[in-house]
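Labels A, B, C, D, E and F are assigned to the chains in the order they are written; within every chain, residues are numbered from 1.
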Amino acid sequence: MFMHNKRLMYTVRVGAPDPRLANLILEQFGGADGELAAAMRYFTQGLAESDSGRKDLLLDIATEELSHLEVVGSIVVMLNKGIKTQMAEGIGAAELMANITGGTDSHTTALLYGGGVALTNSAGVPWTGAYVDSRTEPTADLRSNIAAEARAKIIYERLINLCDDPGVKDALGFLMTREVAHQKSFEKALYAMEANFPPGKLPGQPEFTDKYFNMSQGAGDTRGPWNQGEQWEFVEDREQQAAVDGGDGTASVKLARRDLELQKQMMARTMSDPASDPITGADLGAGPGAGKTKALT
Amino acid sequence: MFMHNKRLMYTVRVGAPDPRLANLILEQFGGADGELAAAMRYFTQGLAESDSGRKDLLLDIATEELSHLEVVGSIVVMLNKGIKTQMAEGIGAAELMANITGGTDSHTTALLYGGGVALTNSAGVPWTGAYVDSRTEPTADLRSNIAAEARAKIIYERLINLCDDPGVKDALGFLMTREVAHQKSFEKALYAMEANFPPGKLPGQPEFTDKYFNMSQGAGDTRGPWNQGEQWEFVEDREQQAAVDGGDGTASVKLARRDLELQKQMMARTMSDPASDPITGADLGAGPGAGKTKALT
Amino acid sequence: MFMHNKRLMYTVRVGAPDPRLANLILEQFGGADGELAAAMRYFTQGLAESDSGRKDLLLDIATEELSHLEVVGSIVVMLNKGIKTQMAEGIGAAELMANITGGTDSHTTALLYGGGVALTNSAGVPWTGAYVDSRTEPTADLRSNIAAEARAKIIYERLINLCDDPGVKDALGFLMTREVAHQKSFEKALYAMEANFPPGKLPGQPEFTDKYFNMSQGAGDTRGPWNQGEQWEFVEDREQQAAVDGGDGTASVKLARRDLELQKQMMARTMSDPASDPITGADLGAGPGAGKTKALT
Amino acid sequence: MFMHNKRLMYTVRVGAPDPRLANLILEQFGGADGELAAAMRYFTQGLAESDSGRKDLLLDIATEELSHLEVVGSIVVMLNKGIKTQMAEGIGAAELMANITGGTDSHTTALLYGGGVALTNSAGVPWTGAYVDSRTEPTADLRSNIAAEARAKIIYERLINLCDDPGVKDALGFLMTREVAHQKSFEKALYAMEANFPPGKLPGQPEFTDKYFNMSQGAGDTRGPWNQGEQWEFVEDREQQAAVDGGDGTASVKLARRDLELQKQMMARTMSDPASDPITGADLGAGPGAGKTKALT
Amino acid sequence: MFMHNKRLMYTVRVGAPDPRLANLILEQFGGADGELAAAMRYFTQGLAESDSGRKDLLLDIATEELSHLEVVGSIVVMLNKGIKTQMAEGIGAAELMANITGGTDSHTTALLYGGGVALTNSAGVPWTGAYVDSRTEPTADLRSNIAAEARAKIIYERLINLCDDPGVKDALGFLMTREVAHQKSFEKALYAMEANFPPGKLPGQPEFTDKYFNMSQGAGDTRGPWNQGEQWEFVEDREQQAAVDGGDGTASVKLARRDLELQKQMMARTMSDPASDPITGADLGAGPGAGKTKALT
Amino acid sequence: MFMHNKRLMYTVRVGAPDPRLANLILEQFGGADGELAAAMRYFTQGLAESDSGRKDLLLDIATEELSHLEVVGSIVVMLNKGIKTQMAEGIGAAELMANITGGTDSHTTALLYGGGVALTNSAGVPWTGAYVDSRTEPTADLRSNIAAEARAKIIYERLINLCDDPGVKDALGFLMTREVAHQKSFEKALYAMEANFPPGKLPGQPEFTDKYFNMSQGAGDTRGPWNQGEQWEFVEDREQQAAVDGGDGTASVKLARRDLELQKQMMARTMSDPASDPITGADLGAGPGAGKTKALT
């Protein structure tokens, strides 16, 4: 069960309204690497988790992320507080228009969301469950969590780089730091699994686990620990990259007789005749100066 | 520049058509952890990458994933080959209906996509660019790649568990194995960066990097390396979890005088009076046996 | 700040696994009228609300909805507990396939989400921020909340109608009832605003507030309190329904001279000549038995 | 059957082109509270409605909303008329770039939609069927309609606040007013149902209908008619908020023996060992000055 | 202005309810090639069109498609009429569950949409404005319309193939036929433009208009009128396919000095060292039997 | 199988960074008519195609479009190269904010995507599989391809109109030209099918193939080859437009007796009584100066 305490996890002191900055910070409220995505990633994993250690960890951090969501949302609300009342009460149209068109998507935050806070990213795109990559397998999920924390850390860092307001910067710094701490926890939980690589239960096929296919060739080809050393067999011959199973590289299926008949019938009906020389719509439409007349005679 | 060779990277031999299985395998064609998502994740990173080693690595694997996309798509096409012609040529309605309603979303693959192959997941949901979590920062992106390969490995493993056709199983095994190899490469590239943690350039705030907030409490609370040991300070007092900056935990902003006036005006206009005792729409609608009459008198 | 207690708000006792039912119940986890949508609707409103009564109310109910989200998610997890391990550990492919294809979208819950719980609706469609209709204006938002609670009540009622498991039914009954209670609260808060209709600040134009336009005519036309009585002026003459401002019903704009020139130039360049008698692509493609030969001569 | 008359429902007189304003007004064409959403909400309800009064009402208003859609679209087209021809015929690049980048999303309206009118909101987000909350239950649907009209009224009010062009303002005023009239009609239809609360057929559970759970506590807690008075029982003891059924607040399911075995096997395979002290990827990546060396020894 | 007549454009006589078929037919209500997409494609074009002939044509057909939308929706409603009341009034859970799980997404139509009609496709995916490919350029738009009519014709044909109910089949036949008629009209309007190819105003670059690049090579390479004949120059030498401008095939930009410095700094900070031999997270996680011990020593 | 050559298909020489232009050009990377949509359209068709000529053609052009995607992405990366390092390394906040808010959605490209390249359109909307209209029927698919090439040509033309940088303009010109060439090829393949109209296999119903319904009437009605001439029968009598099958224009279904009973029961339970005169929530909320008092007495 969730409970709520009216004090924020971090005090929010905003110097002055700034709808443009508010819109950017929405990225961490309703964006791909924002706090709702984080909270829901861990919450869905935590609900389905049977391992008591991971379950507890996931619910701890999910709950903290909800508390962060509240901090981020409160920053946005404060930055929008002026525009909210201006939209509600009405001031001169020209001034109002200028105040909402600062070069971000603050026009939509103001018009559609009334200068409140919305589950969109900084481009006004609504949050989607597709951001949540929980797969109910711990070695994959913990790696997804580690990556998500790394991404979130970077977005906060970029926002800090964009921010001049000391109070906002301070709160963003706290939020950024917590992503670092969370990443550490998820790493510990991953490596506390005795064997966590490869993920899942089925082993890989030995003949393909250590091959590196040099698929992109030309000036810039580089060797490094990711494709050289004793863990790797480097394959650059194009012939060795195709049909690596030793077959002919085609796709086939055994069809029942009736379906073979239908297939033949369909192919005859729909063949593009390679020996034809048709006049086309483009020929017709190429205009008087082009091949049209010729085409039609 | 991309070039194409008509031989597949892996030969596809399907025993018999099966639109239901085809629909499940779409998950790896147009789903969140599918091959297009993988190819586009690495391709977008590779284009924007300035480090020559990582750029080469990313384009190599992006290209291989496109080749995998072709293998997956070819499996789907073969499994759907019967239903495709049946839909095109027409057979008895009852048989056709039975053939497309096998308990997955094969009805949509057949009806809308004609028994071909579609950029949707196994639920028929169109692929979205939101699946691509590239952020143009290498320590975050490489971790996202590691996680994505782990997830993709798991989905292939689940498909293999669901599959009885030896030819399909064989190809799925190859594809699953390559995700393992790719994960290895991305790990090498990450750890070939001298300092890759924390991600990005800004350091965390020391006072919050090592704290673990026990936000979820009760039976099931567990300690482990993710919240105990010398790297952690464990905080479970609820008071110590709120307003961790030492402030009062409120959100505030300095408004200009005009906006303060507007704010006052708006609040007076829109107050919900806590001392009122209003009749409501629900009271009106509660019906003759309920409080309606009373409410109105 | 949010805190979490490991006890659920309502005890969940599931009789036996049932992935098909689990998939339906996802509707209230990650669907349009589900608990996340509810929680986020009230949470976003609460953050931006300045009226202390409504703010408190909104955060109370937002928090309760998060607790409901946990109850719903726990039901889904229990119903999927068998399929989760079967997918992870692997059992016979045929049995596994049968277990995940029960005629709902449980195939995707099992394959992509591993038999956990996912932020999708019962069709596998990811949750979207577009479900959250908060607009930061209290008379509109409270009405949206009332409507949302009514919809959620109905979905729970339908799930109860579909459910035979007493433990699940019992929990669904609790959740359904709470939507009724929440609707009551939102109604009280709405009618505790002295004047809440029409919404917002600007009054309507008197000449159009009481008109009812009978736009759909024919057998079935019905009069009732929604279009008759002293509050209404009924307009059924088609002439009186067009250009109700008394103008000519056209759209016009004053263009600058340069743009008028460009406009003329574009129109000349792109006119479809009504006096022409062109051969078309369709004429070409109508085949040997159709007008093609004729068309070309 | 729908018919169309070339006269608009309201004459549109635009003073001068303004792509920036055009983009904002798209909110009511292809946005969440726009006219297509309204028309489709009532149209889908009307089609499925069996009650002749409501069916007629719903089709009347659906048709009027389509006519409003045309008015809104015509305003947008007029405001974009200059930019449309400039994009089509080409003028100097610098001037053209300046004309489309006015601080809203007019760059996309111009580039992708050619200065026409598009089914997106003011942020360029495509219209989605998720905006339509019709549920085929009249007491819920009518409440959704009432709320939708209230929201639409507010968006028009905000647009009017942003608008200086008298002709546009005039048309927006008409459209805003009609939302007020429609809300009135839907209210009448709702209360013309003898008992409309609670929605649907199943009654609520008496023990939970009148409880108010004070889930958010602290400075700012407020009592009002929404949680006090004879209709409410106020619950603030945290113990009384958890497991309100009197159970232990856990989630359980009875698994078959085979699944219990699989469960045990999976848990052993995937345990995160709480007693371990693992070196992690983050430890490795913390760089030369950090714990790496120590971690590895 | 739109008006509505209560008679349908085509009488709908359904033999018996069939929620499974209803769900498939939703494809033409709220699907990509359905009637709403058609109506909105032509309506948006018609609003922005200045050519009087095309404007009239587009509004004629947009209006007819809305009338078709009503016919399709009425079919769906009739097919769902039984399940709608069963969901509303409640019948035995087992029977109800069986009635909604017929192997399509009828479970969602019943549960979420109450057995009405919804703006989703046959997989339950909400309609999106992304289906509408209007670009406000007539030669492109008319071709999009021609293609859209062709696609819609095919989906109706597939539905007819799937349908045994004579009344439904009859109505579907009418709807299919009208797509053919509409395609004809759009073709006439396209070819009534004197020069309609290439689309738009700017001519192509002569050196690249007639080249055909044979990018996919191997068994199956085929020549036909699309790549041979006097209109084509066939390029198959891989060298001639890269950097076709004669340059070096690289991408470059001139950076200001400050940005060059930042670039250098960033590259040094984030290099993946190709000469390193790092231990990775995967090495750590490969378990006791793998290279872990070795890696750490 | 795909292979990659590090040389681009066209050399990219950018004069100077310009994040605003970069954002517009994203339209052709991750937008509806962009290169990924093109590549995937042809690739999915090519995989499912059985006709060897069309299969080869589709894979040739799909591969070329992937190579174009790389060119477009490289342009974007070069235009963003300055902002990318500024975001990564940090410069003054005010300057950085100014650099990313140029009136397009470059703020999101910079903040979320780090100044790289993203699969979004120019409004920041993620790419969706819904852009891909492949239907696995060649006469429809080829028409969709023709239309898609026409649209893509137009977007490139608009970008060229917006662009002052000679190097970028040059590359855009190449890309635009190739769309023209591709359209030509698809036209040839379409007309190389002996009979390609109407699409598919089922013929239209003769009585409805040649009718043109004049659904939109009034000033502006126009006749042209699309609705006059020997191929057309023009129907403008409104009576002849409704129930064109000669029936009564109603929708009906035969319900089983049990369902008829349920239907009756539901209708009685949910009737909106047309003879009632209810007080409504709007009446209650109209405030002291309105009809409220009257309503309640």
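By our rule, a contact is a pair of C-beta atoms (placed from the backbone, for glycine too) under 8 Å apart; a residue touches a chain by one contact, two chains touch by 3 or more.
Every value quoted in this text rests on a predicted model; they were computed, and no experiment measured them.
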Chain labels contacting chain A and also chain C: B, D, E, F
Fitted rotation between chain C and its twin chain F in degrees, CA, nearest 5: 180
Copies chain D and chain E touch via same or different residues, half shared test: same
Selected pair, out of D-E, B-C or B-E, that shares over half of its residue contact pairs with A-C: D-E
Chain centre separation (chain E, chain F; CA means) in Å: 7
Distance between chain centroids, defined by C-alpha means - chain A, chain E (Å): 22
Where chain A touches two or more other chains, by residue: 1-9, 32-33, 53, 59-60, 62-63, 67, 74, 77, 88-91, 102-103, 105, 112, 114, 120, 123-126, 128, 130, 135, 137, 139, 146, 154-155, 183-184, 187-194, 197, 200-202, 215-216, 220-222, 224-226, 231, 238, 241-242, 249, 263, 266, 272-274, 276, 278-282, 284
Residues of chain F that touch chain C when the two form their complex: 139, 190-191, 193-197, 222-226, 229, 272-278, 281-282, 284-291
For the chain E and chain D complex, residues of the former touching the latter: 1-9, 30, 36, 40, 43-45, 47-48, 59-60, 62-63, 66-67, 69-70, 73-74, 76-77, 80, 84, 88-90, 112-120, 126-130, 132, 134-137, 200-202, 278-281, 284, 296
Parts of chain D lying in touch with chain C, wherever the complex brings them together: 5-17, 32-33, 52-53, 55-57, 59-64, 67, 74-75, 77-79, 81-82, 85-86, 88-89, 91, 128, 130-131, 133, 135, 137, 139-140, 143-144, 146-148, 150-151, 153-155, 157, 160, 170, 173-174, 176-178, 180-181, 183-186, 188-189, 191-192, 197-202, 204-205, 208-216, 220-222, 224-227, 231, 238, 241-256, 259, 262-263, 265-266
Residues of chain C that touch chain E when the two form their complex: 20-21, 23-24, 27, 31-33, 102-105, 121-125, 154-155, 158-159, 161-164, 215-221, 238, 241-242, 249, 263, 266-267, 269-274, 276, 278-283
Of chain C, residues touching chain B in the complex: 1-7, 50-51, 53-54, 87, 90-91, 93-94, 96-97, 100-103, 105, 107-108, 110-112, 114, 120, 123-126, 138-139, 146, 183-184, 187-194, 201
